[in-house]
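Chain lettering (A, B, C, D and E) follows the sequence in which the chains are written, and residue indices restart at 1 in each chain.
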Amino acid sequence: MAMIDSTRRSFVTRIGGGAGAMALLTVVPHPASAETIDLPERESAILEAAFGSSVLTPGKISLDMPILAETGLSVPVTFKVDSPMTEADHVTRIMGFAPGNPEPVLADYQIGPRAGLAEVSTRIRLARTGFVYAAAKLSDGTLWGTKFSIIVTLGACVEDIFDLDWQRDAERRAMRAEARAAAAAE
Amino acid sequence: MNIHNVSRRKFIVTSATAAGGMMLGFNLPAQAAQMNANPWELPTDKEGQEVNAWLAIDPDGTVTIRVGQSEMGEGVFTSMPMIVAEELHVDWKMVKAAYASGNRYLRQKAEDYQVAAGILNEDHQVYRRMGTGGSGAVRRSRTFLQQAGASARERLKEAAAQAWGVARADVTAKDSVLSSGNRTGTFAEFATAASTVALDVEPVIKTPDQFNLLGASVARLDTPLKVNGSATYGIDIRLPGMVYAAVRANPVPYGGIDSYDADAIMGLPGVIQVVEIVPGEGQDLRSGLQPAVAVIANSYTRALSALDQMPIKWSATPNDGVNSRDLFADANAALGMPGAISVDEGDTAGAIAGATTVVEGDYQAPYQSHACMEPFNCTVHITDNRADVYGSFQNPPGALAVVAEQLGMDPINVFSHTTFLGGGFGRRSRNDEPRQAAEIARQVGRPVKMVWTREEDMMQNKMRPMAVARFKAGLGPDGMPVGWHARVAGHSITAHIRPERIENGLDNSLLAAVRNHPYNIPNQLVDMHVRNSHIPVHYWRSVNASQNVFMAEQFVDEMAQAGGHDPLDFRLKMVEDLEDWSLVLNTLKEKSGWTTDLPPGTGMGIGISEEFGTVVGQVATVTVSRRGQLTIDKIVAAVDCGHLVNPAIAEGQIESAIVYGLSACLAGEVTISGGQVVENNFDTFKVLRINEMPIIETHWALTGGDKWGGLGEPGLPPVAAAVANAIFYATGKRPREMPIVHTDLSWG
Amino acid sequence: MATIRISIPETAAKDEIVEIRTLISHPMDNGYNVDARGQRIPRHILHTFIVTYNGVEVFHANLHPAQSTNPYMVFHTVAVETGTLEFTWLDDDGSVFSDTRTITVQ
Amino acid sequence: MKRILLGIILVGIVGLIGGLAWAMRYPALDPIAPIDASMEFDSQVVALGRDLAGFGDCSVCHTDPRQGLEYAGGLPLETPFGVLYTTNITPDVETGIGTWSEEAFSRAMREGVDNEGQYLYPAFPYDHFTKITDEDMHALYAYIMSLEPINYTPPENELGFPFNIRLSLAGWNLLFLDTSRWEPDPTQSDEWNRGYYLADGLGHCEGCHTPRNLMGAEIPSKAYDGAIVEGWYAPALNDETTSAVPWTQIALVNYLLDGWDVDHGVSAGPMTPIVNHLYDLPEDDGFAIAKYIESLRPNLPTEAATAELVAFAAEREWDPENPPSYDDPGLQAGVEAFDDLCANCHKVGGTTVPLALTSTVRMPEALNVMNIIFDGVRPPLGARDHSMPEFGASLTDENIADVLRFVRVQYTNLPAWEHLEEIIAEKRENW
Amino acid sequence: MALTLTVNGTSHVVDVEAESPLLWVIRDTIGLTGTKFGCGIAKCGACTVHIDGRAAKSCTTKVSAAVGKSITTIEGLSPDSTHPLQVAWTELDTPQCGYCQSGQIMAAAALLSKRANPSDFDIDTEMADNICRCGTYTKIRAAIHRAAEIAAQ
């Protein structure tokens, strides 16, 4: 592996010569440069219904999960919220979303001060490569969120293998339909 | 079955290279190896200066270009670097290649210049696409590979411009030399500066008319390693302290193990331990771990002979009674029932009911095996919190993910090392085997190389699905179709891998080349049934089109005959509004000397289809003796893939697909009996051999423009139809079933 | 009967935060799988998981089709007093699975 | 081979005495100017000539595969009294027969005398070619004369005294050459007669399948009894045959044209070039030859006897689930050698012909099975997926002897083969 | 037990069972991985080596049968790929995936030693044991003809 210089956007990686020893990599969840975490329409509607609003401030909640999964059938994930979990200041609800799944919601946990630690781990199914979102509602009513990009390899080529052929077919059928309509009009 | 013949009644065979068509001359000297025998390692021992993730420049000017796709014969270790080199303006002789790293693909997002140039977006991984399939290497990577070359070139020019105090526009880059006025410099000199210089605007990539390297048949970079046995394949990996594993699973796929007697073989020479592989609780079978047992020894032959001697009792499975005959009967029964509708244009039933002539035809195709020459294998080496996996991967990130999942490790600490592949054909994009190797390595605690016997490779293969089809068409008074109904019942890959994408029974990929045929027929109805069995299925070269075109294009011939048309003109008439299909058909007509007026026992047949953006038509010339001996004399192919990166490699892919297709339509098949595969080695699984090889001519009929079609697979589907249609003209008999050996072709 | 496995410390210090790990065997058919005929296998999952600590609800999870087969859950609670925790899963088909564990707080 | 040596010596002496008187009988014939065959002969005649040359397998002997120069000769023929090299019969003026008139060609074919009146050795089967009709002879001449002339002089024959004196062959012809013309048998069908003509004339099947007397000539009373030729055993085609299932016309057509039959196995050795020629020739002629050959064996076994042998074959075929085992250590060694190598394909469920049905295993001589183990079987044109790799370099002589003994016992109830060690040693020596 | 094998001119003492297939002794014990495993029943030709100059399928050859004989593998055909077949193979870019090519070249070398100027028919029948799933047969035929030309010069 050749020496790699830092480039602005990509992560800093310092790799020794060849495929040999690797310096520990720091993997920072995707830096949410935006002011808010915006979910796709389907998911934000559910969030609105559950939390009363879909405006999420980035921060406080983190998603710990692998950045790669093969089938996506059993992906370990941990939702963690930075909260003292006291009577006065605690997490009331944590939700997870996967826009790439047939159904949006991944998880929905109601906890309170009795939990002592706002951290829940489980295993979920993910249908395709894309973003996973997590949202937390605190006792003070504030909403926090994060998102994480994960690659699902198996089936990655399932959806796009015939894309060009279906598109070409659609163009042909549309062209023929037009021609037939025009012919009928005369 | 006999193929190719030197005889009075046949065409006189010209010796030497019988490949005609536009084959550019080869005047290139034999090359030294242009990559490391271990293709994942650097080709040179020097620390090249990386200009971007795709290329690094050594002090001596050597440019190492990274290749994202797997080299399994389709020549990506030459065609991908050519694309980068085209824009880089590097001296081609200075180009070497090495695989892109699967681990780095994971950790690094798209580079700035790709995002700035609008080629990739910031959520794409740095190497964008490391799976190899769908004949997508060139067409899906071309843009970002060109951008990688162009942006590097412009950065080199900018570095020189800044050093020489001139405008970048006054600097030219050609054959690794930068020059402005009388000043010159090499790429190597400015590589370091170029890696950090910033450009305000990224260069625009070339259009095909500006290419000068692309389109040339340069010699393959990997050939020198493949003629002296030095190229490393997965099966060749040797690590210090490595042990070997011979594995066997229940011959009935996904069946369990009742019992095995490890003590009976522990004393055999070299045997270290016996490992049982148990799928995790609830581990969905699609994720691949099947119950299996492996013997670990200090050499493969010792592991295998111990495994052969170990008493193993497989448990009964609910599928022990499954056999091909019943599966076909079940699928054929489905043809009588309406299926999930994929295409419904106009009033097909009405059109057929009112037609002058009605034509019907049923067809059938069996499971088919990949039978790559290199049996399955994988090597996994686990150290404290790192794992290295070596193998012939068609989907390196997949292999990496599977090993990480199985070992419960963070993928960041798993490194995949892709070797040369002894054939992939779609089979190696499934990663069940690396998962099995990882599980063995986890239990063994030492680097272990798992190798499957040919029997295991065939019996545990993920097959090309079986399928049956029924066609029905109505012809008008002019003998042209007014209504076309196609119904396919078969084993669905999507239902096996991604069931959630099947909505009310519809899997469009099962209808490839049936739902998207280009014939201009006013009323069309295409529907399908999913008929899966316990036999796992996966992508096979050209996927479902490999059987669908055999069926659909024979039916097009049946319509032509019923309508009193010449089959080629019949097709031309139905695609006269399509430039590419018309060009391919007319090229075929001219180059093959098409005629249906031939003495009995000799016939010409046509088959044409479009897949992955490429149109391929073929005319087969066959001879059948009175007693039914079939000889394939010649296949003429006409191809429109828009543009060519390396014509010689492209022609090799068309010829390769034709041979692979002939193997699958003449005598090769996979039958199921007692729930297990019957043909488990090359004595019963028939493949085309050199003495059965017809003459093959490939002619390019390129329509250019923005068409970039794939080449690895589209050449396969038409051959079965062309041969079957030729047999009809030679004998009057229509082989409705693959393989053709099942049909008695005797005549006269 | 679904097998249930729960790991929870038997004893804990007062107000110590303890980690609880639970696993219950269940196919969790998400309603998007298909049978050999390509027909959807109807949804059949455990939709709710409730944990009470001496009668007080300390953890409430609404499970969705995205939950993997054999639902596995790790969460925490404060060991406020000696007592029994009751773990209850509610199935789409109306059946209820539950188990209890006791914890002694010094 | 020893008996033939003795015979030739005897003939030599007789020939010498009579030869002188006969010498004047064959004058030299005047050479002709080189002819342009395409002008001289009608293309149909040339095509017929090519077919007939196919039936006669002329190119098999008149081509040295090492050179690959078709019809240019140079193929060494091992005979007990030295090595004969086949002649160059391309129409090359200098080294071939470019200057031979049709009369000279016809005389050589019918009476074994070359253009200069010299006697040719009976390794050239003129005793059969004499039966060719004039029309066919003309067509053959037309075809040979339209070949590509190749300037190549085959090596000199290496014959010791007295066999290098061609005159001695006058006596041989006196005793054994019957130049009467071929007559159809009125009691038989046209198809049978066509087969008889092709097999007895051009095909010269008896050349291999009929034992020869001390003087090296075919013994009429033992026609088609089977004989050893060039290290192979040409099996009996008459009632002496040992094949398990009777050779019907269809079975013979499959074997003669495609090189394999489901009840008898694949052709190998010297027979393969012959079936490859027949593969290309008009199928009707193939059917005719098969009809004639079938008639050579009038007394067929009862259906019950055949069924019993077929059942025996099924029962004896190697079953991977429970392989055979023998107490005799030699045979058991054969079982192991067979298991490692042959049982991969020759097994229940395999695609090969059950071994107990194959002619080679049931023959009185082990030569053919041994040769097949050494050299494998090259796929005939008519059965391209029927081939067997060569195992000569993979097995020791002892392994091969073990396998041969085991195969004979396992797949037949026939007497054991003798002197295996000698024939293997001889084969190994000049392999 | 200890056996001595002569491979590509150098002798190796190997401690293997007498009935081990020669293929795996060459690959795993001696470490020459150019000879490939394809089927294990002598039906695909990928394991073809030379034993005393004759082509042999090393997957079904007992190592004991090769003791005392001269074994040649693809690595030993020529020190620097200068054998006419290797030159012709490279010139025509014959390999695609390349896995079967060692066996193809070794079988072709045995053919050329028997027939200096093989016809298409000779090549077809002699090389019918060697399977190529990429279907490079046309190039293989052309390369053998080319190699015969080079050898004749």
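Definition applied: contacts are C-beta pairs under 8 Å (C-beta built on N, C-alpha and C of every residue); 3 or more make two chains touch, one makes a residue touch a chain.
Worth saying up front: this structure is predicted, and the values here are computed from it rather than measured.
Peer 1: What are the chains that subunit B and subunit C both touch?
Peer 2: A
Peer 1: Does excluding subunit B break the complex into separate pieces, and if so which chains end up together?
Peer 2: When subunit B drops out of the picture, the chain contacts leave these groups behind: A, C | D, E.
Peer 1: Would you identify the chain whose Cα-based centre sits farthest away from the centre of subunit C?
Peer 2: Centroid comparison gives D as the farthest chain from subunit C.
Peer 1: What whole-Å value do you get for the distance between subunit A and subunit E if each is reduced to the mean of its CA atoms?
Peer 2: Chain centroid spacing, subunit A to subunit E, equals 53 Å.
Peer 1: Between subunit C and subunit E, tell me the centre distance in angstrom, where each centre is the average of that chain's C-alpha atoms.
Peer 2: Here subunit C and subunit E have centroids separated by 62 Å.
Peer 1: Where the CA atoms of subunit A average out and where those of subunit B average out, how many Å apart are those spots?
Peer 2: Here the centre of subunit B sits 31 Å away from the centre of subunit A.
Peer 1: So the centre of each chain is just the mean of its C-alpha atoms; given that, what is the distance between subunit C and subunit D in Å?
Peer 2: Spacing between the chain centres: roughly 84 Å.
Peer 1: Would you give the residues of subunit A that are in contact with at least 2 other chains, written as numbers and ranges?
Peer 2: 73-74, 102, in rising order.
Peer 1: Could you tell me which residues belong to subunit C and also touch two or more other chains?
Peer 2: Correct list: 30, 32, 68-69.
Peer 1: Specify, in ascending order, the residues of subunit B that touch 2 or more different other chains.
Peer 2: In subunit B, the residues touching two or more other chains are 282, 284, 500, 681, 683, 689, 691.
Peer 1: Pairs of chains that touch, anyone?
Peer 2: Going through each pair of chains, those in contact are A-B, A-C, B-C, B-D, B-E, D-E.
Peer 1: Under the definition above, what is the set of subunit C residues touching subunit B in their complex?
Peer 2: Touch list, subunit C to subunit B: 25, 27, 30, 32-34, 36-40, 68-70.
Peer 1: Under the stated contact criterion, what part of subunit C meets subunit A in this complex?
Peer 2: 15, 17, 30, 32, 53, 56, 58-62, 64-69, 71-78, 80
Peer 1: What part of subunit D is in contact with subunit B in the complex they form?
Peer 2: 47, 50-51, 253-254, 257-258, 279-280, 283, 344-345, 349-352, 379, 381-385
Peer 1: Can you list the subunit B residues touching subunit D in their complex?
Peer 2: So the residues of subunit B in touch with subunit D come to 1-3, 5, 7-9, 625-627, 629, 667, 678, 681, 683-684, 686, 689, 691-692.
Peer 1: Could you list, by residue number, the parts of subunit A that touch subunit C in their complex?
Peer 2: 73-75, 78, 98, 101-103, 105-117, 119-126
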